[in-house]
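Down below are the structures I want you to see.
Both complexes below contain chain A, partnered by chain B and then by chain C.
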Partner chain A sequence: MKKNTRLITMLICLAAALLLPLGISSHYNQVLLNQTVVYIIVALGLNFTMGLSGSFDFSTAAIFGLGSYTTGLLTTKLGINPWIGVVAAIGMGAVVGLVLGFPSLRLRGIYFVLATLGFLEIVRQLLSNMTWLTGGTNGVANIPALEIFGFSLGESRNFYYVALLFLVIGIAISYRIIYSKWGRTLIAIKDNEIAVDGCGIDKASFKIKAYIIGSCFTAFAGSLNAHLFQFIHPADFTFDFTVRFIMMLMLGGLGTIPGCVIGGIVVTILPEMLKFLGEYYWLAFSALMLVMMMFIPYGFASIPDVIRKKVKRAGGKD
Partner chain B sequence: MLEIKGLNVFYGEVQALHDVDMFVGQDEIVSIIGANGAGKSSLMKTIMGENRPKSGEILLHGESLVGKHTHNIVKEGVIYIPEGRKIFYELSVKENIEMGAYSRKLTPKQLQEEMDYVLDIFPRLRERINQAGGTLSGGEQQMLAIARGLMGNPKLLMMDEPSLGLAPIIVDEVFDVIRTIREQKHIPIILVEQNAYMALSISQRTYVLELGYVTASGKSMDLIESEEIKKSYLGG
Partner chain C sequence: MEDILRVENLSKQFGGLKAVDQFSMNVQRNAIHALIGPNGAGKTTITNLICGEIQQDSGEILFQGESLGTLKVFERARKGIGRTYQNIRLFDTLTVLENMTVAAKVEHSYGMLRTIFSYKSSQMEKKERRDKAMDILKYIGLEHLANEHVRGLPYGNRKILEIGRALVTEPSLLLLDEPAAGLNPSERRRLMDIIYKIHEDQISVFMIEHNMDVIMTISDRITVLNFGKKIAEGTPKEIQNNEEVITAYLGNRFKKQGA
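Presenting the complex of A and B:
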């Protein structure tokens, strides 16, 4: 019963997602929609570390940026096919996940948090200062658009559909992992680390793997982003950018996939809707976020549960 | 079986264990009693590799455990059931129990057999098999923690204050289970307790820890008669 409801909900959401671009006429809104899909993929990636294994992770912007630059530089400097650039970006995500996660997640305490924070700053500095390679603060321009069967994806509706396909694959992978023994162990690690030790589980190795997978998602999304805008700039990949994704998870519901999707949509689109407020739009957005977090501390994804409990309680009184 | 020699453990500058010597033989229940802050849990955590000793030895069948990772110590069959019933609140009773067998390669059939074995010991858990761990009562959570520990196929079982915060009737139940486990599995058990009377009556030998020092040890039968112990731990 419950499984069916979930499947039906998913299909309705998918249908809505497929039809959505037909209702959009402006180029600006189409790009916003494309970006939303890319950002949800990042949220899914961050969900592996922050949501599932419970390690606070600030490296999102850095890994997204490295994914962007990997494909951006390969395609502009070496003329490599954009799709190969995308694959290389995923590889970059895996390498960074391993190199950063392996030492810091083995240590107890806040080493991982510090490592990700430090890494964020290092990457930003390198991207701005290694001018010979990255073009410094000029960024990388003229990145080719992705192409599929001769159709250019660019900033168009085509991009949206291809990215949506990747998103669906990303969601499927996430579900597979969460509902495997592996994912259950990640939930257990977040639930109670001491008990996990007592079960003979090498929790560090789980956290490292979760971080590597998450980094692959994030770097992949970064590469899509580079080909979406065909221009990247080091100032895009700052602490604020990381915080945006942490907000998505908190608002949507940490550790849940619907939470990533809802959080991704709200945090990407809501600020745009508030732009009519001029320079106060970010203030208004932050205030709204605060209010939402006060009223639904476990995120949007928890609302059905809350309602179910309320209905049950009301029913019990009769 | 387990031998501890000259163990010194520090938290920063503060020394939690001083020159602790201890021995646990095959097939005996050894209890460790002591007041709050005596260092009982610190000793357990040091055996499990969660604390690094500054000096001293911990030998399991003559092989050193010092410096090994906790998960590898568990794989050697040293199972620790921590104080405060550290169960998984979000996982079901069944999943909690299965987690205990994580480090072992079991076929689904073997897993089911072992599961049936622990559920026979704890019939109350069987009734609640699909309930989330966090919704169990305190006593049931303690049973679940023990059940999960048993799934790790312990060669040495260490329990940290299993009776803490439980009603007397449940405490009796827990101690019955401890006896059953020893009779059926023939494994040594280290029992950390503040409930000194219970600990002394169930165990063969006892160590008394005070402020990180072993101040007395010997046969539980003898200690239970000792004036010192009576005065300090048995309420006169």
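Presenting the complex of A and C:
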């Protein structure tokens, strides 16, 4: 019964997502929508580390950036097929996840947080200063659009549908992981690390693999982003970009897939809707975030549960 | 009988405090072995040394004849040392069943990629974990709570569940740190039945406990600790009549419980 409700909800959301572009006339809004889909994929990636096992991870912007630059440089400098660039970006995500996660996730929690912070800064510096490779602060321009069966994804509605397909696959993978031993153990790690050790579980290996797959999601989304805008710039991949995704998870609900989706939508689209406030829009957005987090500390995804409990309590007597 | 655990001249100091001082002890296979002593005597510290949460300053711990050296906690657990904690450590946001499935030792344990891409494998592992977890939940009498969230569980059930979670890892030695603390008499009865069952299933039990009823009823052997040092060891009868133990620990206890 509950499983059916979930399936129906998912199908309705999917149908809405499929129909959504029909109601959008401006190019700007369609691109915003595309960006939202890409960002939700990142949120799903971050969810594996921060959402499930609960460790703060500031590397998102760096890994997203590396994914963007991997495909951006391969396609512009070597003329490689964009899809191969995308695959290479995923590989880059895996390598970074391993190289950064393997040493730091074996140590106490804080070392990983510091490693991701340090990495964020290193990547930013490298992207801006290794001019011979990255074009420095000029960024990388003229990145080709993706293409599929002769349809150019430079056309933003085409991009949307393909990205949406990737998002659905990303959600399916997330479900598999979250509801398997992997997800449950990562949550157990968040609940009580010492007890996880005591159960004979090599928790570091769980955290490392979660970080690697999360990094693959993020780098993949980064590469989509590069082909979406066809231009990338090092200043796009800084600390505040990371914070965006942390906000998405906190606002949507840590560790849950609906949380990633809702958080991704709200944090990407809400600031745009507030742009009429002129220079105060970011301030207003931050204030709104703060208020929402105060009133729904477990995020939007927790609202149905809260309501269910309230209803139960109200009718609990009989 | 053969020893499952040998502790030799174990010492551990915290700052200037000798929490464990040249402590030696053998736990026989299939025995229920109790460790008693006043608060702060170093009992929990000994448990933490055995399972590897902290490392000794000197001395050696041999499990099934093999030195544990600097093995990590999870490695020792895999070798067969299961434990519970003085302050319960459960996975509070998971359900009762999930607390068990996470810990379950299973034959088919698949990697992340296989879990993602093979529905069949992933379901098979899930089923094996669930079956195993349900078996142990039945064993400890908590199967009716399988889908409850742990956070809302009453204290007594939490303590019992923690034992179940240790059992599902298939330990050959189970370390229990004050399992009866905070339980009411009927829960205590249930606990003793479970410990007895565990004992009959050939799992060695090493138990720290303050409750003398429990200790004197079910243990085969008792070690008494005071200020990190072993002051006595023997059968319940021998310990009850040991002068030094009565002065250091038992005397006032029996008075308290007799009143």
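What we mean here is this: the second predicted complex is superposed on the first by the 314 of 318 C-alpha atoms of A that agree within 3 Å, B and C clash if a C-alpha of one lies under 4 Å from a C-alpha of the other, contacts with A are read in each partner's own complex, and residues count from 1 in each chain.
The criterion applied here is as follows: a contact is a pair of C-beta atoms (placed from the backbone, for glycine too) under 8 Å apart; a residue touches a chain by one contact, two chains touch by 3 or more.
Computed from a predicted model, the values in this text were never measured in an experiment.
Because the two structures share chain A, they can be overlaid on it, and in that overlay chain B clashes with chain C.
Once the two complexes are overlaid on the shared chain, A:I213 sits against chain C while remaining clear of chain B. With both structures placed on the common chain, the touch criterion links A:E121 to neither chain B nor chain C. Contacts of A:D305 after superposition on the shared chain: neither chain B nor chain C is touched. In the overlay built on the shared chain, the residue A:G200 is in contact with chain B and with chain C.
In the superposed model, A:T185 makes contact with both chain B and chain C.
If you count the residues of chain A touched by chain B and by chain C, you find the higher number for C. After overlaying the two complexes on the shared chain, residue contacts for A:I173 are found with chain C alone; chain B is out of touch.
Taken together, the two complexes place residues 184-185, 187-188, 191-192, 194-203 of chain A in contact with chain B and also with chain C. On chain A, the positions that touch chain B within their shared complex are 184-185, 187-188, 191-192, 194-203. Looking at the complex, you find that chain C touches chain A at residues 51, 53, 72-75, 77-78, 82-83, 85, 89-94, 98-99, 101-103, 105, 109, 112, 115-116, 122, 125-126, 129, 165-166, 169. The part of chain B that touches chain A in the complex is made up of residues 48, 50, 69-71, 74-75, 79-82, 86-91, 95, 99-100, 102-104, 145, 148-149, 152.
Of all residues in chain A, those touching chain C in their complex are 173, 176-177, 180-182, 184-185, 187-188, 190-192, 194-203, 209, 213.
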